[in-house]
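So, here's a batch of structures to check.
Each of the next two complexes has chain A plus one more chain, namely chain B in the first and chain C in the second.
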Partner chain A sequence: MATLKPPSSRPVPTGPPKAPLKADPTATIADTAVFQGTYPVTIGAGTIIHPRARFYAYQGPIVVGDGCIISEKAIIGAQPARSTESKEIATRLSYFVTVGPSSTIHPGAHIHSSVTIEALATIHQYAEIGSHSKICSGCEVPENGKVDEWVVVYGSGLGQRRKRAREANEPGPAVVIAAQVAQVPVPGPAPKGKVIEDARLMVLQKEREVLARMIVPAGAKKK
Partner chain B sequence: MPPKAAKGEYIETDTGNKISRRSQIHGTQHIILGGKTVIQAEAVIRGDLYRLPSTAASTDPNNPPPPSNTPSVAITVGRYTYISKSAILRPPSRLHRGVHSYYPLKIGDHVFVGESAVIEAASLGNHVHVGAGATVGSMAIIKDFAVVLDGAAVPPGMVVPSWCIVGGRPARIVGEVGEGYGVEGADGGMARERYRVVGKPAGF
Partner chain C sequence: MSRPFPYTYISCPCADTPVPDPARKRRSRGTPQKSPNPEQPNVDNEDKKPQEEENEDEEEEEQTFDPRSPRSNFSLYPPEQLLYCEDCHQIKCPRCITEEIVSWYCPNCLFETPSSMVRSDGNRCGRNCFNCPTCTAPLAVSTIENVTGNGSQQGPWVLSCGYCMWTTLDIGIKFDKPTNIRTQLQKMTDATATPSYDRSRQASRTFGDLKSPLSSYASIDEQSASREGSGEQSATNEDTIPTPDLGTDARFAALKSFYRTQISETSTSPGDPLGSDLGFSSPGALNRLMSLYASSSRLSGLYGGNKKQKSKPPVMREALTSSEGLRIAPDNGDADVIERLGSQECGWDGVASIEQRQDQSPDVRFADDLIPLPCLLRTKRAKRCKSCKHILVKPETKPQSTRFRIRLIALSYIPLPTLRPLALPSSSSMMSAPIPDLNSLPPLRPVHVLLTLKNHMFDPVRITLATPSVTPGRVASKVTVLSPQFDIGANSDVWDEALQNASAPVTGDPKLATLRGVPEAGKVWDKGRNWTTVVLEVVPGTLPGSEAEGGNEVTAKDGTLATQQDEDVLEIPVFVHMEWDAEAQLEQQNVGKASKPDDLVARELAYWMVLGVGRIQASL
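What follows is the complex of A and B.
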């Protein structure tokens, strides 16, 4: 090959600006994840970025805390096309946040720790999601919307909300009858929500450990 | 690949799979396509999330685990299955006996997966129709001839029986498909026709 330059007929590739990435060495970032924009993107320790996740830091910095999982095709930030204000808008994801496939988080959103955002959910600008909350698949949180702690947002459109069970629940009537039929002792009350949440976070930790071994990291040469 | 390959949107394999050049397939060695499968642009298929060989087998020194030269399968897709634009197929995962691992995602024949649907199911049966923007949660099982309506959210672990229509968020059974559903050429039986027109210029 005589030349490795692009053909002169095409202008010098003016691709989108690559966002300055400040990632912790223990974070796993897939090779096909996209980071665009002018503001810095910060990734915390142990965070997993799946392939094809996209970060657009055109309107402000993006900060992702420790132990997060960002799934494929998730979009964090927004393309520059509709940025009319020059104000800097920071997007923050706290610790242990899970972002599902194809979900969108607009700039200015603040996601507190241990939040789960499922597939195809949308978090609009300046929304605030309290810790240990869950946004179920397909749901939207409106602009400036606020979701309290330990809340589940589900249903279509703006969706319904309910508190996550935090206290122990007695077994339901069907369980009691089933236990009588089977002649086994009635099971005790379900564990408290806190216990379940702790268990979920432990499972998440295991998932991150497995994913860190499976995802092809950026910079690694393909076979 | 020879440089003079025909420039089309789709690559056609020996077994008749039509795969968009703009599809985003990861871990191809862990994916089995049954032939005549269509994969459209920007569809993400996560074959890289396969089941790792179990580490528990190495505890027995007299019986070492067999050499794992056969790659474990992450995703199996049947014949005449159609994966629309921006759909995501990712194998489900769960914690079992203290080990977090991914489980194979099996998709049957004549399945339709709508645009930007997210599939994390354990299995989709034959002739299943998944609407656009639907999500099928982790470890869900969708049996043969079931229909998931557009925008439905099938919760994790749900089992959808055969011939049922599910919709809503969270998804519930809202009806049954009529008699004759899935018969060749009728409603639900258009998979061959769908396959045939892919990659053909418009108007044919």
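What follows is the complex of A and C.
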């Protein structure tokens, strides 16, 4: 096993500045995750950082809330720009956010809780994504763009948007008409759309538990 | 011609041969032939042109194939797309085959659907395969029991999309069972007008009406439907309480039964041409209608102007109540729709797109009204020769299998042509000249191209190539095949040859081939186990109106001189004639005999192919 590990001490004498990392002890951070920059990076409790995820805190602090999953090769923040703005731009990920592989979140984005960002999606600067939303793979949210709560962005590029069911929805007109014609009572209200989201979050919790056991944490190599 | 240069196309002879004409085939069979083989007299004939008259033969055969003629577009195919009929001994293109469906299957669950089910249930999966109405991704059946706290695998079920997170809860539908979702959904979203129907009957009827309005009813169903229609009519005449609008499919069924009763009621007299029991839909009724129009007296009688006709034909009325299928637009329907369009929660994203509405009921305007649709079925098809009905391609019936029982592709019978430019070593130095750029060939400068023919048959083949010395069309390029007659070896075992000629020098190495000197007339360029390469010398012509032509004419003024589209593409028609000795087929001649050398039958095949060499430069 030891031979399979990458060389633990790479000579990086004049490398990029390492961002001050403030991680909760229950967070699992892979040893090959990259934290660069001058501003602090905060990682919440129970969050999983996959190997080779990159955090660039050059333009402002990065805050990742509790119970998030940051997948491989995801990039949060940006490399230092040439025209350095003096203003500090904070990037925020709230609770239970899932960031897919190779997706990019530019600085200044604010991602609310329980958002799913799929693989290869791009969130541009200052975009705001409401809670329980989903950015499907390959989609983009433009600069200063705002995605409401419980909205799915799908398709390609800026994509189309769709509102997810949150409360119990009335049966559609086709169902009502059919019930009237057949003279049977209209079927009772379906469960709230929220139950689907609850189930998803439960599955996510299980996924985090398994991942925490599988990922080699950053401190393990010291042993 | 979208392929990159160089390309080769093979012309299917069917473009000039009216294939499904057995009479002509018989006639051509009767013409005397020089072919030694009595059972293939028509091979030679059909390859080229159909000859109606004997005296036309000479003239027809000399006609060259013009790759630029508009008709040739329809006969040119890449070699790998062609099939070969072993009975006709002829190349078959997608236009000279017929297709028949071997099986229907659902691409999602890979279950085969019997054709009777396809006819009755429509061309959609009858199980649990649904597509998302929003994004067309397949939907999964999932339970929501672990949240609602029911027992193991009990609770209500939903269809959910893994991509856009659409679930049937969005349209307020849940299912009680994880199986037969289609029937459950059908019951929920569509019902026929009469509640007196028993459940199973209703389901089957709505299924029948759902996707196949063209399918004919079973006779019992038909009669009962018409009877019920008439009963309904009397009932609804009494009470005029507006019944709720029917669903689209139910309304279609109601209208259908209504008009059927109308036909049977209005045409009671036995002499009436619209005679009762047939109905408009039957071909018998159509015949009667046609004869009715043919005789003028009956025609005028139909319009009520004739005195012979005693009674005016009874007038058919239209549907009057909603149970008959009438639907009146709601009073403020449009206003409602507009209001909803402009409302805050709908907006642009709430309106169903054209793609989403395509397969839905025509009333659906908003994304919330979309209903999941079962997967469309796919087919496996067998292909037959149009002229002799011989099966050319037959896939395995099972949807899981990708194998073919029969697959007669043309490349196992005709040599595969490949083309590549030849870079000649320049005479002075050992440095070989650069390979000419095929996308801009300089006019009037000779180019050598190598044409390789690779034989896939197990018999050696003699090939004769013929090409017009000047290509047809306005851009006249000169073409010379340096060795028009040559042999190609049989497609023997690769290892046999390799073991026999272990000491022989390696031929066919392309690097060596480029250094083997200048192409000579009458000499094959290179030869391998089952392939032969010959050299074509091409002198590209000048484009009309280009500088090379003299430059006196002004192209802009004279529209006809301007280069037409793709006229600068250098395409060479080549006539290929191949002869080989094949083993006689057992069922035809030598039943029971052992195969001897004298069982060999000389066969021949001839066709045109087109070599796309490149594009001619406009200027020198």
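Just so we're on the same page, the second predicted complex is superposed on the first by the 181 of 223 C-alpha atoms of A that agree within 3 Å, B and C clash if a C-alpha of one lies under 4 Å from a C-alpha of the other, contacts with A are read in each partner's own complex, and residues count from 1 in each chain.
The rule is simple: contacts are C-beta pairs under 8 Å (C-beta built on N, C-alpha and C of every residue); 3 or more make two chains touch, one makes a residue touch a chain.
The model shown is predicted, which means the values in this text are computed figures rather than measured ones.
A.B. asks: With both complexes overlaid on chain A, does A:E72 touch chain B (first), chain C (second), both or neither?
C.D. replies: first
A.B. asks: Given the touch rule stated above, what does A:E170 touch, chain B (first), chain C (second), both, or neither?
C.D. replies: Second partner only, chain C.
A.B. asks: Could you look at A:P187 and tell me whether it touches chain B, chain C, both or neither (first, second, both, neither)?
C.D. replies: The second partner, chain C, only.
A.B. asks: A:V195 contacts which: chain B (first), chain C (second), both, neither?
C.D. replies: A:V195: touches chain C, not chain B.
A.B. asks: Between chain B and chain C, pick out the one touching the greater number of residues of chain A.
C.D. replies: Counted on chain A, the partner with more touching residues turns out to be C.
A.B. asks: Which partner chains sit in contact with A:Y154 here, chain B, chain C, both or neither? Use first/second/both/neither.
C.D. replies: both
A.B. asks: With the two structures laid over each other on chain A, which partner does A:E209 touch: chain B (first), chain C (second), both, or neither?
C.D. replies: first
A.B. asks: Quick one: classify A:C136 as touching chain B (first), chain C (second), both or neither.
C.D. replies: both
A.B. asks: Once the structures are superposed on A, label A:P101 by its partner contacts, choosing first (chain B), second (chain C), both or neither.
C.D. replies: first
A.B. asks: Show which residues of chain A both chain B and chain C reach, each in its own complex.
C.D. replies: In chain A, positions 136, 154-155 sit in both the chain B and chain C interfaces.
A.B. asks: Spell out the part of chain A that touches chain B in their complex, as residue ranges.
C.D. replies: My answer: residues 32, 51-52, 71-73, 100-102, 118-120, 136-139, 154-156, 159, 203, 206-207, 209-210, 213-216.
A.B. asks: Give every residue of chain B touching chain A within the complex, in rising order.
C.D. replies: 24, 26, 44, 46, 48-50, 52, 86, 88, 90, 93, 95, 98-102, 116, 118, 120, 133, 135, 137, 151, 153, 168-170
A.B. asks: Considering only the defined contacts, which chain A positions touch chain C in the complex?
C.D. replies: Result: residues 134, 136, 152, 154-155, 160-165, 168-175, 177-183, 187, 189-193, 195-196, 198-199, 202 of chain A touch chain C.
A.B. asks: Where on chain C is chain A touching in the complex?
C.D. replies: Where chain C meets chain A, its residues are 134-135, 144, 146-148, 156, 158, 160, 163-174, 187-193, 195, 202, 243-247, 250, 345, 349-350, 353, 361, 363, 367-369, 371.
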